[in-house]
Amino acid sequence: MVEYAWLVPLFPLVAYLLLFVLGRRAQEGVVTAIAVLASLAAFVVSLMILSEVQANGPGAPYMFHWLTVGSYTLSMGYEVTALNAMMLAVVTFVSTLVFLFSKSYMKGDERFVVFYQYLSLFVFSMLGLVISPNLLQVYIFWELVGLCSFLLVGFWYYKPEAAAAAKKAFIVTRIGDVGLFIGIMLLFVATGTFDYAGVFQAVESKNFAIDWISPEAFITLVAILIFIGAIGKSAQFPLHTWLPDAMEGPTPVSALIHAATMVAAGVYLVARAFPIFAASETALTVIAVIGGITAIFAALIGLTQNDIKRVVAYSTVSQLGYMVMALGVSAYVASVFHLMTHAFFKALLFLAAGSVIHALHHNQDIRSMGGLWKKMPVTGWTFLIGALALSGIPPFAGFWSKDEILLGAYASGNTLLFVIGLIAAFCTAFYIFRVFFMTFTGEFRGDKDTWDHAHESGPVMTIPLVLLAIMALVSGLFNSPVTDYALADFLQAGGLHYGAHPEHVSWMPYVATLVALAGIGLAYLMYKTKSINPERLANGALRPLYNLSYNKFYVDEIYHYAIVLPVVWIGRILNFIDKWIVDGIVRLVGQGTYVGALGLKYAQNGQVQTYGLITVLGAVVLLGAAMYAIGGVR
Amino acid sequence: MTGNLLTFIVLLPLIAALIIGFVPRSNQGQARAVALIATALSLLLSIFVYAGFDQDLAGMQYTTHYEWINIAHVYQDKALTIGFDLGIDGLSLPFLLLTGIITFLAVLASKNIQHRVKEYYLWVMLLVAGLYGCFVALDLFLFFLFLELTLIPMYFLIGIWGGDRKGAVATKFLVYRGIASAFVLVAFVALAFKAADATGVISMNMVNIADAFAKASPDLITAAFKQGIFLVLLLAILIEEAFFPFHTWLPDTHEQAPAAVSMLVGGVLMKIGAYLLFRIGVGILPDAVQYFATLIALIGVINIVYAALIAMVQKDWRRLLAFSAISHMGVVLLGVAAMNEAGLQGGIFMTISSGLLSGLLFFLIGAIQERTGTTMIGALGGLSKPMPILSGFLLAAALGSLGLPGMSGFISEVLAFIGAFDAFPVLAAVGTLGIILAAVYLLWAMQRTTYGPTTAALEGVSDAKAIEYLPMIVLTALILLIGIYPSILGDLVNPTILSYVTGIGG
Amino acid sequence: MLSVEQFLTLAAILFCIGLYGALTKRNIIIVLVSIELMLNAANINLLTFARFGLVPAINGQVFTLFAMTIAAAELAVGLAILIALYRNRNTSDVRDQDLMKW
Amino acid sequence: MNLTTGFTTITFSDVWHVMAPELIMILAGFAILLFDLFVSKGTSRRLSPWLGVVTVIVAIVLVIRNFGVVAAEGPGQLSNMLYVLDDYGNVFKLIFLFGTLFTLIMSIDFFKKNPLVAVPEYTYLLLFGTVGAMTMASAFDLITLFVGLEILSISSYILVAMRKGNSKATEGAMKYLVIGSIASAFVLYGMSFIYGITGQTNIALGGQMIAQMWMEMQPVLLLGFLLMLVGFGVKISLVPFHQWAPDTYEGAANPITSFLAVVSKAAGFALIIRTFIWGFAREFGELYIYLAIFAALTMIVGNVAALAQKNIKRLLAYSSVAQAGYLLIPLVTLGKGTNEHNIWLALGETVFYLAGYLFMTMGAFAVLTAVTREAGNETIDAFRGLYKRSPFQAVAMSVFLLSMAGMPITAGFFGKFYIFLGAINTGLYWLAALLFVTSAIAFYYYFGVLKAIFAGETSEEGTAVPKLGLPWSLNLIVWIGLIGTVGLGVFPNLFLDVLNGLHWFG
């Protein structure tokens, strides 16, 4: 089956093309059926591949010739490794459920079919990204998923915020992409190939066709450049700002792209190219630090946000920070494991949030929610499961993977990172339960009309929720003592021996659970029992901190004033220079010539004696010059 | 017979111009029909040439040779022979096809010209003949003739059918490019004479000259001579190709010319400079290109960044696209400066890709202008609602232009930057800024136009008409084709590039 | 005995006077006469050289004869044109003759 | 034989042998003069132009016969090389005679419209003037040269003034006369110094003496050379001695203007080249720089001054000033070596350009005559919408203007290209480049006229525009001009081969 891995992305592609051909006339049911079936078929094939990889180990890459450049050949192809197989399954699973969910969520939208086109295209691109055997191909699909993200964030194109968010998402990630671009260009120049295998080999032998930099420094440089790509895509600090804004897109999009799959691509890429990173201690340190900063930074912002989707979005950024940090401390398995579990529970949280939003007519502000448990029990339950998984409460999925990461951080000997991880875990538990309590418990704070119309979503929406909730419950077990750490073995079957399960520290599960419970408890006190008044805290001693968090540490503002405005001003200045100096000189020459022409014209004053005078003057100058030239009259 | 195919390709538009000259003025449809048929036939013949082209050969094919002019005693008592020499190789064939496609579609897109229709098509046909001629002429004299032939019709096409500043802009175009022509001619004749020192025969045939230069000893043709001539040529190329600081004619021209003419300018006309760079610069004077590589790369990077930054603050789509094209062509310089396989191939890819994209973008902007009466970005908005098809294609074109994978711009950038990173890592890294900035200005302009709320004035505008589908689909399909299966272009140019690159090494 | 230089100087002075007159006098007749002066200065030169030149020869005198004839013809034509001019414009002032300029 | 003192007897057959065409012209001139005395005014008016035409045709035949004579017997001479018969003279004479022929044919129309013009006088003055020009081409002695120059000049003064009752004509004649006479004085004064040092009036012998005396008497010889250059410079309107030209051209009748522009200018060049090549050949390496400066100055100022010009005749006058700059370049190139091939090349360039210039100028003036007469003014506006009124005239005028501008496949272009090749041949790159750069500047005003022709609207669209007719005589000239301009441009070898077969000198 592994040799048929190309089928997996093919299904969504076919779905895309079909939907494209069908156009807007297609009925919603037909559209959904096509998309869901394609995705489902991809999922089935993925599962078959997964089982085969588990049984026989990863297969060799399949390559075909794409372009000849002088004496080089660029190839395209596909490859299934353990990591790929896992990613295929996760992506197709989540996408199938999101496709299903969207049928109801997007019902009645005039561009319903377009939505599914984009989604299918996205799934195709994401799967293509996953099975790419070389960095160029990765980059191609990397950009395509970025495009789909752009299209879907800006799906409601008539909303200016959506348009702005889409543009921001594309441009900010592109800044990272350029880093990746430079990285793979340099790698190609140095190694003559884009293929992972060839690149890894060259990295191992430190044999590069480049002389302006030492091989070690080169590896570090390239690793960091590739990581810059991951920073952009996985919304790591300092390029994280696009992800919360991307919540302007429809919620299923947020669930699929901005939580479960695309944003994990950065983590996936680093994991996939891990041998390059493993060869550079400096690069790993950078990664770990960036991951740690992101984890705590986003978690702190998440504490105070009021938009239900934004809270979940910041939690995504924070969790991605965890994964990146894990990679930085060489906890490879932990990172990938968390990637998987996160995909399930974060998709779950988003879809549940989507269900709430759908029920409340696209109101997303948790301050005007409350008491929805009564109206939407299924959503409530599933959200709760997701929240528990996110907080890392055993036996939910998040517990197992987060525990691994904390272990890895601890094992790396970097205490600071470990502490950061713990604090972030506390914050995570706090803010997600803040949302939970404010949404599902207490009294409804919105207008009555909305309350009356609020109701549990239909089965099309609840079935995906339930399925994801189940995964959020059980997926943690894949890499737990229960299954004897099956995932670790599976991932390492391909010959990657990084971050084997770190030695267990007996107190770790307890500490982690306690921290999470403490966060939940605080949220309970503040938002359920109201024993602590959050507003007094916010307006009291903690006001500066609150403002900082509420305003996202002013990062957007800083970027606006430090980068965007200066660049625009440079553009304006250059435009001015172009218009008045560069072209000005051209026009000056032109008009100067014309003025000269006018001068010559008016020198022609009609007086024959003037003409004679000028003639004679010319003659005199000529004679004078000539005599001067020959050294004077002797 | 096949040898004369190229002659027919060039002659057809001229014959069409002649026929249009005798069409009664009242019958505008006939003029248009003649133009359409002629460009379509030329396009078909070009495709026919492509079909019969042997992609494995590096040399000229489909050669035609007629003795034309013989000027005795012109240099060291030797006679200069000028031939009506046409031919095509892997380098010029893509340009030929590009010309065929863009010219046909531009004529198709000229539907909205309602004013002095007959004369319009007459000039367009002359222009088309000149454009074709430039890419199939083997004789430098002939090339120069065709280059000059493009000037005259362009002057009128801008000067009569242009915008509010048409007079000044037409003159600027004419004089600026006329001066460039002077430098081109100086370089050509100097090359021919110098080659004669080596071979004893004065010929303006570029193949002969290239041979002579490749074989002559360094004592005979000194490095200093090559460098001097290359500088003259470079100056001409910078003007022809609208590179900073000689670019200012291009934004003005695009702003003032009718959309279909902008298609021709952006799609084909300004690519002549790039063709010169490849054909004469790299093909005949590779040592000099190598010698000035850093300078060329620097100019390339300056253009990429400078034009991109300026494009960012443009208010008019047409000026924005002009600067965008300048920025893209900077990548060509960067690739050429690298003087390696990837860089050169990337340069050619980028030239062709930029031609297709410019053609598409100007077509779309023209269509939008026709409906809304403006190309000012600020005056547009929310066009996705009334015209989803056009908006969709605009989105695709903008994405292609900003180098989205799967479209031609991407593979061009990849190849050019591979080459550039090999030779000039730092400059290349600076050049990648262009990739970011392209996203900034293109997305901004695209969104301002098609996203957001639809203003009341734009509610009722109509979407694409049937006839407009053809240019959009053909161009988009080609952009996608090159993006997805670049070998279709790569295999054509590869033998020529290999021969150039081995020439550099040897 | 007069030397070559003196004749040449005389010719040069005459030439300059003629030139000055031709360029400054308002009356066309005077202008024409001044031009005659220039031509005659050249004639003096020719004659001087024919007599005192490095290689004395008769050619100079022949040349002078031709030049005189030509000068006469020129003057005649000049006067004819002047008459036509005067008929048309009723003035013989050179400075009034600027219908065509710019 | 002692050339300076010896006496030879001359028989009429000797004279006929050497100067048959001139004799025919002179005799015919007097015949017309007498004829006018004896027949009625009307008959004389009707017939004398035809007599002139016939005479010129006969003279042309005789000149063509002389080519054969020279080929068979070698160059001939008369009276101690006072007057020579060689192909250099013959080819120039052909240009003069064709120029005169076209002028006469154009004049037939002019006579019809201007009943006050004294036709017989006009005709024989034209013939005499041409004889003067022919003398300038064949004279080999300062005396004959000067006489020829003056015959042409004096005839021209009268011809300019021939529009009876026209203030502009008399004013132009006056200006021409004053400046021309001053120039004559300069020439004569300069000649006197040359004669004084060499003791020779014969050019060849003088040249030998100059070579001997150069070291000793350089300042005086240089003074003579420069004074002659100034005088000649006025005749061929080099900058800054050109200012009479626009006024005189404007004042003269159109046929006479074209006569001045073509025949008078060509004669000036015949004279300059003959004098300088023979007289100063050995010193030319030092002297050419003065000519180069004049050439550059003339090209620049001539073209720039025309930019602001709205009067079409003055514009053409400036254009003809600029052309003088181009035409001077072949002579300048001789400064870089006066071997036989270079001289032949330079002469070929000059004659080819003059031939092309003849056709395009005559054609342009023919169209101009019809157009300005109909419009009642001589500004560029007279050409507005000419394309609508008379497509043929519009196209013809465009060809002539494009040829003057140096656009390909016209005689003007090839002529320039030929001159350009010569300049590159001798390494005068800067002058070669300047030639085409100033041409590019000239595009501005040539295309300004073209734009008026094609873009200008005389009236609202749709309303009938009055057609513009062309009298048969002008029509004939337009056709000849058109055929000549395009023919020389497309098949330059037709003429080049003739030029290459000539025995320029003995």
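First chain written, first letter: the chains are A, B, C and D, and each begins at residue 1.
Following the convention adopted for this analysis, a contact is a pair of C-beta atoms (placed from the backbone, for glycine too) under 8 Å apart; a residue touches a chain by one contact, two chains touch by 3 or more.
Just so we're on the same page, UniProt names per chain: A = NADH-quinone oxidoreductase subunit L; B = NADH-quinone oxidoreductase subunit M; C = NADH-quinone oxidoreductase subunit K; D = NADH-quinone oxidoreductase subunit N.
Nothing here was measured: the structure is a model prediction, and the numbers come from that model.
Here the chain at the heart of the structure, going by C-alpha means, is B. Looking at which of A-D and B-D shares more C-beta pairs in contact, the answer is the pair B-D. Averaging C-alpha coordinates per chain places the centre of chain A 78 Å away from that of chain D. In whole angstrom, the spacing between the mean C-alpha positions of chain B and chain D is 43. Averaging Cα coordinates per chain places chain A and chain C 94 Å apart.
Between the Cα centres of chain C and chain D there is a gap of 26 Å. Residue positions of chain B with contacts to 2 or more other chains are 175.
Residue positions of chain D with contacts to 2 or more other chains are 174-175, 178, 182, 246-247, 441.
Residue numbers of chain A whose C-beta contacts span two or more other chains: 601, 604, 606, 608-609, 612, 616. Interchain contacts (touch definition given at top) occur between A-B, A-C, A-D, B-D, C-D. Against chain C, in their complex, chain D makes its touches with residues 4-5, 142-143, 146-147, 150, 153-154, 157-158, 161, 164-168, 170-175, 177-178, 181-182, 184-185, 188-189, 191-193, 195-201, 209, 213, 217, 246-247, 250-251. Across the interface of their complex, chain C is touched by residues 601-602, 604-609, 612-613, 616 of chain A. Residues 65-72, 136, 139-141, 143-144, 147, 150, 154, 157-158, 160, 162-163, 166-167, 170-171, 174-175, 177-178, 181-182, 185-186, 188-189, 212, 567-568, 570-572, 574-575, 578, 582-583, 585-586, 590 of chain A touch chain B in their complex.
Residues of chain C that touch chain D in their complex: 11, 15, 18-19, 22, 28, 31-32, 35, 38-39, 41-43, 45-46, 48-49, 53-60, 62-63, 66-67, 70, 73-74, 77-78, 80-82, 84-85, 87-89, 94, 97-101.
If you check the complex, the residues on chain A that touch chain D are 593-594, 596-598, 600-601, 603-604, 606, 608-612, 614-619, 622-623, 626-627, 630, 633-634.
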